[in-house]
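In structure tokens below, several structures.
Two complexes follow with chain A in common, the first pairing it with chain B and the second with chain C.
Now for the complex of A and B:
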């Protein structure tokens, strides 16, 4: 056997376990899922999709999830950019520790973090009581089970991911450019706007798309903080499967969610590709 | 710190502090509330006691869930590391047509919703006797995300490792296998550790797939917690949450110490 044939054999052997695993447990199940979603009535029918797209309740669920994605993305950007910027530009030895603490929540399960928000949001919880005390809301108000509550909790769960993305991008921007803009007379706000945010816009888009995609398909936080009647995509899939046992319909909703995630991921990949082109 | 101008610099700093409190505050609240002496969850805590920790440790569901989670996460981390690193070596040390596509394909589960993967796997498991219920199903399900996580860490690490040292070993007469184990592998150690830690923590924290493919007898801790949190505002749940935060803290510190060695 010549050496090039042996090399390809070695490469195939190294890839085989992963390829087998993915073929059996990733590709095949996804195909079955798609098959089931298009199989009502059997052997081929679009009834599951028609039911979703023809029912204002389910369209409302889709709109709710997209709105959740938009709100969470905005909150993460507004809170994440200043923190990522200061961490990336900090020159103290505390910066490393602060960055580590910022990413610490990623080590804690979303179930634990969502439970913490449930404790803060229920009728007698700290945040709900503060709001009741302010007189802005009725006395028995609770944030638990509200859309705003889910936005606040989910944005906290996903904020570290946004900060990490932005931090990496801002670190890559030469800070001398900011100095140059300011020494030429630009106000700090203007320098940040003209230089940093513009140069970081690829990273800002990438981080936003990532957070948006994760929010639209999030399950644990919307289901725990949103309560029993949380009208979001992933929660609806959960209800249709484990509670109502309507698997063909759940498969169709899953396929729609999958399509949204794939579309976002492809845009994200293209953006990263463009970023690399620009850097060259 | 560069001078950002007074008012604007302070504005940025204010927002950053708010973001910081927002990130870590809830974790602090849950730890504090778990120490309360009251029979309900309250913050700030009233009185100080460890009785909810006693209650948590005496509850077989949590203890069982913890051991299931640890067994699951260790298995997933080890298997992901072997399968993922092998694939990463193939993708960086060998050239074959469609390599970029194969790489993107293996990384793709990271961008897909976990719940959709869970639904697809549940349908698949129901149709085949190939994968026995219980731990095996949990492990193979988590591998679908664990392997891409290892790949994402190991691909850049392998690309960065100096190939010339590997070639020097070959020139000195080492077989490719020997060169890999004696030269390349030691250089990969920090990367391997980071990859394993990532796969472990993913599996330990994951709830969506576990909720679908786990059995009632072998339910990981996150699934037990998810169920218990919906039942009642039990301080025991806060105690278990606080213990999980402590474990995460220990893991993060250990990872940092190892990385800085």
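Now for the complex of A and C:
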């Protein structure tokens, strides 16, 4: 046995446990789910898909979820990048602790965190009252049950994921490249734009995709903070599965959500990938 | 209840009272049958929280003492329990299912249940609260009505029409249609305005009039929060929640609407392939003992179904008397649920 064959055998052996688990617990159920989605009418029916795609209400739910994903991603990116940059460039021994602090929202259960937001978002809650006091909203306004409320609550918990991803990438960028740009006459902002942000594209993409896919599929926060009036895909899937017991339809919605998220991820990846080529 | 755990306090004193009540229980089936189920085990679903603790102590522990059958309760909401019953039809992990959403009818129709051998107390349960073929039997009722802040509302509400009084604008909350009480509210509004289960249109029209300024909530856990903020003065819900709120110090009263009080039955039924129907019968019979029925009413707020039970007055005021109940067509409601939910999402739960 030559060494390259042996190496690939070792690689296969190392991959096998995870791959097997993944196939058994993810790929197989996913195919079962896909099969179920064609179960109306059996054995191969498209009624569930027609029902979803032919109905402006459900298309609206889909649009709502995608908009939620986009908004949360933008908020996390805008808030997360400066913080990640600062943490990555901080020359203090507290940097590790600061990074740890940013992960705090992840330490609390989604239900507890959502309840906390609900208390703040009620008509008489601190944040809603602040907004009422500012005169920007009607006097009986409450953030609870609004799209913005869900974006705020989700952005809070997904921000650490964005920061951690960006931090790792920005740490890996050679500072001398920025210095070189600046010594050649680029203003710091220009150097940041031309060098740092372009080199951090991979991190921006990975962070955005993680945040996007986690927000379009989020259930607890949209269901609790969004309440009855905010309609999202995951909440609709829950309702169809457990309340109305229409499993084929629920499976079809899941399949559509998966397909659209994948398509968005691939498109986004390709766009950023092309950008990277161009940057070279 | 149907949507989450019951949150009443279950103190040491009540636990003691419950224990003493249980001690007064007559032996199941006499001494000869003692330990007849020794070494066997039964798994039942439960509604969680203090009701589960109470029932564990007063029913399951007692049955174990007297028959030797070990019982385990697992908290599961009715819809989830039914999904589980369907998924595990061939090899049930759970023997005894407790439903509060009328799922027992669908379960029987789908062939997921089996007849339960009758217990001593089964005869005291009115005929409309049990299956003629013995596939399910009720052991408690949750009576619905109108809950209101007694300190903010001068005249107690008497009718579903009171939700349209101008002074309640912006002060109303009602449950989402996937919460069973939300469905019942819709049906009662329909009945109030000339419709019924078959003609639900007037219900949706009425609901549409109050929905824009109302708070729509999903979980039972939100009832107390909503009342305690002071923003919400009136909502359709169950008497048990009023009792719980008032025990927590929030001034919430319960009134029986003149159109009648819808109610929820707490039903037990046994999975078709379970081999423990005999133990399940003993468990359900234990639920129906008058002292257990009284304890459940006092501590949880669920009304008794055993007609031999006598309730104290301070408990009875949170429950609708049996002659004020509104009997809704649950089969029709269940059959209409998907369509109504769609319509609710489109017409009521909008921004």
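The rule is simple: the second predicted complex is superposed on the first by the 231 of 280 C-alpha atoms of A that agree within 3 Å, B and C clash if a C-alpha of one lies under 4 Å from a C-alpha of the other, contacts with A are read in each partner's own complex, and residues count from 1 in each chain.
Keep in mind that, in the parts below, contacts are C-beta pairs under 8 Å (C-beta built on N, C-alpha and C of every residue); 3 or more make two chains touch, one makes a residue touch a chain.
If you're wondering where the values come from, they're calculated on a predicted model, not measured in any experiment.
When both complexes are overlaid on chain A, the residue A:26 reaches chain B alone and has no touch with chain C.
With both structures placed on the common chain, the touch criterion links A:251 to chain B but leaves chain C unconnected.
Look at A:43: by the touch rule set out above, it reaches neither chain B nor chain C.
Looking at the shared chain after the overlay, A:57 reaches chain C, while chain B stays out of its contact range.
Residue by residue along chain A, chain B and chain C are tallied for touches, and B comes out ahead. After overlaying the two complexes on the shared chain, residue contacts for A:122 are found with chain B and with chain C alike. In the superposition on chain A, contact is made by A:242 with both chain B and chain C. Of the two partner chains placed around the shared chain by superposition, neither chain B nor chain C is touched by A:185. Shared interface residues of chain A, touching chain B in one complex and chain C in the other, are 118-119, 122, 124, 224, 241-242. Only residues 79-80, 82-83, 86, 170, 176, 178, 215-219, 225, 229-231, 337-338, 341-342, 345-346, 349-351 of chain C touch chain A when the two sit together in their complex. Listing the residues of chain B that touch chain A in their complex gives 1-5, 8-9, 12-13, 15-16, 18-20, 22-24, 26-27, 29-30, 33, 40-43, 82-84, 86-87, 89-91, 93-94, 96, 102, 104-106, 108-109, 111-117, 119-124, 127, 130, 140-141, 143-144, 147, 201, 204-208, 211-212, 222, 225-226, 229-230, 233, 237-238, 241, 244-245, 248-249, 251-252, 256.
Residues 57, 118-119, 122-124, 140, 145-146, 223-224, 227-229, 231, 239, 241-246 of chain A are the ones that touch chain C when the two sit in their complex.
Listed in rising order, the residues of chain A touching chain B in the complex are 7-8, 10-12, 14-15, 17-18, 21-22, 24-26, 28-30, 32-33, 36, 78-80, 82-83, 85-86, 89-92, 98, 100-102, 104-105, 107-120, 122, 124-126, 156, 159-160, 163, 175, 178-179, 182, 187-189, 192, 213, 217, 219-220, 224, 234, 237-238, 241-242, 247, 250-251, 254, 257-258, 261-262, 264-265, 268-269.
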